[in-house]
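These notes are about the structure you will find just below.
Chain lettering (A, B and C) follows the sequence in which the chains are written, and residue indices restart at 1 in each chain.
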Amino acid sequence: MHFFLEPGFFSNAPVRTALLLGAVVAAVSAVVGVITVVRSQSFAGHALTDVATAGGSGAYYLGVGALWGFLGGSLAGAGAMELIGVQRVRRRDLATGIVLGAATGLSALFLYLDTTVKATTGATQQILFGSIFSVSSSTIPYVAIFGGLVVLMMAIMRRPLLLTSLSSEIASSQGVRVRMVGVLFMFCLAVSVGLSSIAIGSILSTALLIGPAATALRVARSIAAATFLAIGLGIISTWLGILLAYDSFYWDPSSQGLPVSFFIVAICFVFYVFSGIALSRRRAQETRRPVATDSALSAEGR
Amino acid sequence: MSIDGKGTPPVLEVDGVSVSFGSRNILHNVSFELRAGEFTGLIGSNGVGKTTLLRVILGLQPISTGSVRVLGAPLSKRSRALGYVPQKVLLDPDVPMRARDLVALGLDAHKFGFSRRSATEREKVEEILVAVDAESFADARIGSLSGGEQQRVLIAHALISSPKLLLLDEPLANLDPGSVQEVVALLHRVAKDHGVSILLSAHEMNALLPVMDRIVYVSNGRVASGTTDEVVRSDVLSELYGHHVDVIQLHGRIFVVAEPGTSAEDVPEHPRYQVD
Amino acid sequence: MFTGFMVNAWQVGTIVAVVAGVVGFFVVLRGAAFPAHAIPNGAFAGAAGANLIGLNPLLGLGVFSALAALGIGGLGKRGRPDVATALALVLMLALGAAFLSQSTQYEPEIYSLLFGEILGVSSTQILPTLLLGLASVLAIAVLYRRLLLTSLLPDVAASKGVDPYRVDVMFLLVVGLATTMTVPVVGALLIFSLMIGPPAAARTLTSRPGAALWLSVSFSLLTIWIAIAASYQTNWPVGFYVGVISAAWYLAARTYVRTQSFLVLRRRVI
């Protein structure tokens, strides 16, 4: 057992904080991520992490709490995307790209100022790649409160949101305020991304937003099932990743261990690949079952 | 307001509606009425403004002049008296939703909150699935259904909120001939059984001839409306097109044929019928 | 400002701007902003990896750009393209993080890989940059018609025997090539800004593809020239100016078009 669960894993305070924080962030990301993938807004979801980074590095420079920098950054970014036109599918990528490009420039400036003017070393690495082990436990209440708010909002607006995501035309003909639902969703996405960027860094933020959700959507039978499955997959990946990263310090005494983000992303990706295999098996079975006319035709063609 | 013989207001009154995008006039002084339980075909070739007209009726498209009244009341954006089946809905095979989930959203997608669906609501979903012959694939992923099956699920979705008027944008395009017959028969039955008025846009009228009570014929942004016999006549359509066209009846089918030399784009497409 | 090492900066900056303007035009046309962001980020991981095992960073950049392009294309064929891009991106970045954790690289080096070091370009970098740049522009010229057709009418292209999927992968490889040459100069993150803002502004202003391409290159050149001059004067990072000016082009173009159509409307009303 020792080779898997190294001594001191559960008695280590940073590890306990990481396990708790990782679970909360993974769950919130999964709930938002399922709808993000259904709405094909992965790019916006990822771009907001980079925009949050700009906010975070700005807060570093100004001496404001990093949490507020990350949250403020991603909310401002979401607002800018909305103004340029994220609600129109055709202009969405462009709006996201423009905001992302400008925010990257701001990050460059703030990080430069952080390192030169304030002489804080490690800012670049810390902000971009984050480390779940170095988050202070005082962040947990904030993450829990904002995360809870996001999950609550998503639950309340799940039906209008779902129909809007499938077809905005049908939704508006049925009396759904499509624009308002879109803005509220962007708000949830921005808060969720802001939280996860500070807790686990911007790489992991995207990974946990998209990976478990995309995997779950492939295999689940309903959106609700997909959401719960995504939460489960997200938490498992995070915990397993933390465990492996902790263990990796002991693998080779001379090395410095591998980062948590590497393991968590790798696990998320393995899940996604396996779900793809499961999916193609199921599709193959479905085409063998001659029910609908066109699938019967394709079955004959084989 | 015009009142028909039975004293009920028309389900839909479109009066003098014009729409322009920039300098282009899409619709020009369009007027027609729809009555309860009638099956109306909105016929015209591609790009003459059928979708725009449907969007006007839905309140999704601002108009320059004119008015639209649904059930005698001026158009409000959130009228639940209308059901709508748009032309292209990309139902993604990756989205885990069963046909019945999409139909159920027709009941409550406009509501925020936690409410669970009641037993009566679930029964209603079941009834409507049976009504559109969709019970056999009610638990399949919507993205994996064929075009005709998806069409039926979308019709069920639109019908479940008991609208008085159902708008369908080119529901027959991209269907194989067998599915076309099925969907038309289904819509005809629904109109009669549930007393729903139907306004269905199509670029080809022949499949609708057996069931169509009235026709709204669109060309050059203007319309002519009435029964098929009143509208699909050489003199009426020639005036609408602005040049002479002939209406030819052959084996129970109707063909609108332009004089040689006039632009073929003005005439609804049906070269494949001229062969047989 | 125009002497010594600054001459290198001006020359390399000009090459990078032309390539970004040309490639970026198609990035915007094809709605490929996300892959265009992901590939340079993936390339960054390659540079970190090459550094770790003591290879030329340019080799790492090239290999990982190509891997990112093929990965996005391959995953995207079976699933949602945006999900495929996101996953390929985070996988590359996670590898980059792993490489960095094993190396003893100093922070400024990471920073310059991400945000560029155009003012520190040495004269030995000019020739490789020029050659890779020419290769990218040549590839675009060869693919020009196919790219236009598959971007605008994918179904028509398929009916003419042009496989849109293959064109897509080839295009992503060109983006990878352009990335390889530009990352050491303007950084992994800022080549993206340069590929989006100027072409998007150009496309807003004109509907003729040829004119839009020229405008795109011109805006891109102006962006980098102003950025170099401003960076030299203020000492602030060149990436900051590139990012902000690129976005400003787009906003300015949108505002210009809006006021024009507003004036036209008002004239018609009067």
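The definition used in the following text is that a contact is a pair of C-beta atoms (placed from the backbone, for glycine too) under 8 Å apart; a residue touches a chain by one contact, two chains touch by 3 or more.
Predicted model only: the values in this text are computed from it and were never measured.
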Exercise. Which chain has the mean of its C-alpha atoms lying nearest to the mean of all protein C-alpha atoms shown?
Worked result: A
For this session: Tell me, please, which two chains come out on top when C-beta pairs in contact are counted per chain pair.
Result: A-C
Exercise. Once you find the CA centre of chain A and the CA centre of chain C, what distance in Å lies between them?
Worked result: 25
Problem set entry | Between chain A and chain B, centroid-to-centroid distance (C-alpha), Å | 41
For this session: Can you check how far apart chain B and chain C are, centre to centre, with Cα atoms defining each centre and the answer in Å?
Result: 46
For this session: Note the residues in chain C that touch 2 or more other chains, in rising order.
Result: 79-80
Exercise. Among the residues of chain B, which are close enough to touch at least two other chains?
Worked result: 92, 94
For this session: Would you give the residues of chain A that are in contact with at least 2 other chains, written as numbers and ranges?
Result: 37, 218
Exercise. In their shared complex, at which residues does chain A touch chain B?
Worked result: 37-38, 155-157, 159-160, 162-163, 166-167, 169-176, 217-218, 220-223, 225-226, 286, 291-295
For this session: Would you pull the chain B residues touching chain A in the complex into a rising list?
Result: 58, 60, 77-80, 82-86, 89-92, 94-98, 101-102, 105-106, 108-114, 136-137, 141, 144-146, 149, 154, 157-158, 161, 167, 176, 178
Seminar exercise, completed: Listed in rising order, the residues of chain A that touch chain C in the complex are 37, 40-43, 45-47, 50, 84, 90, 93-94, 96-109, 111-112, 115, 121-125, 128-129, 203-204, 206-207, 210-211, 214, 218, 255-259, 261-262, 264-266, 268-269, 272, 276, 280
For this session: Give every residue of chain C touching chain A within the complex, in rising order.
Result: 28, 31-34, 36-37, 78-80, 82-83, 85-87, 89-91, 93-95, 97-98, 100-102, 107-108, 110-111, 114-115, 187, 189-190, 192-193, 196-197, 200, 236-237, 239-244, 246-247, 250-251, 254
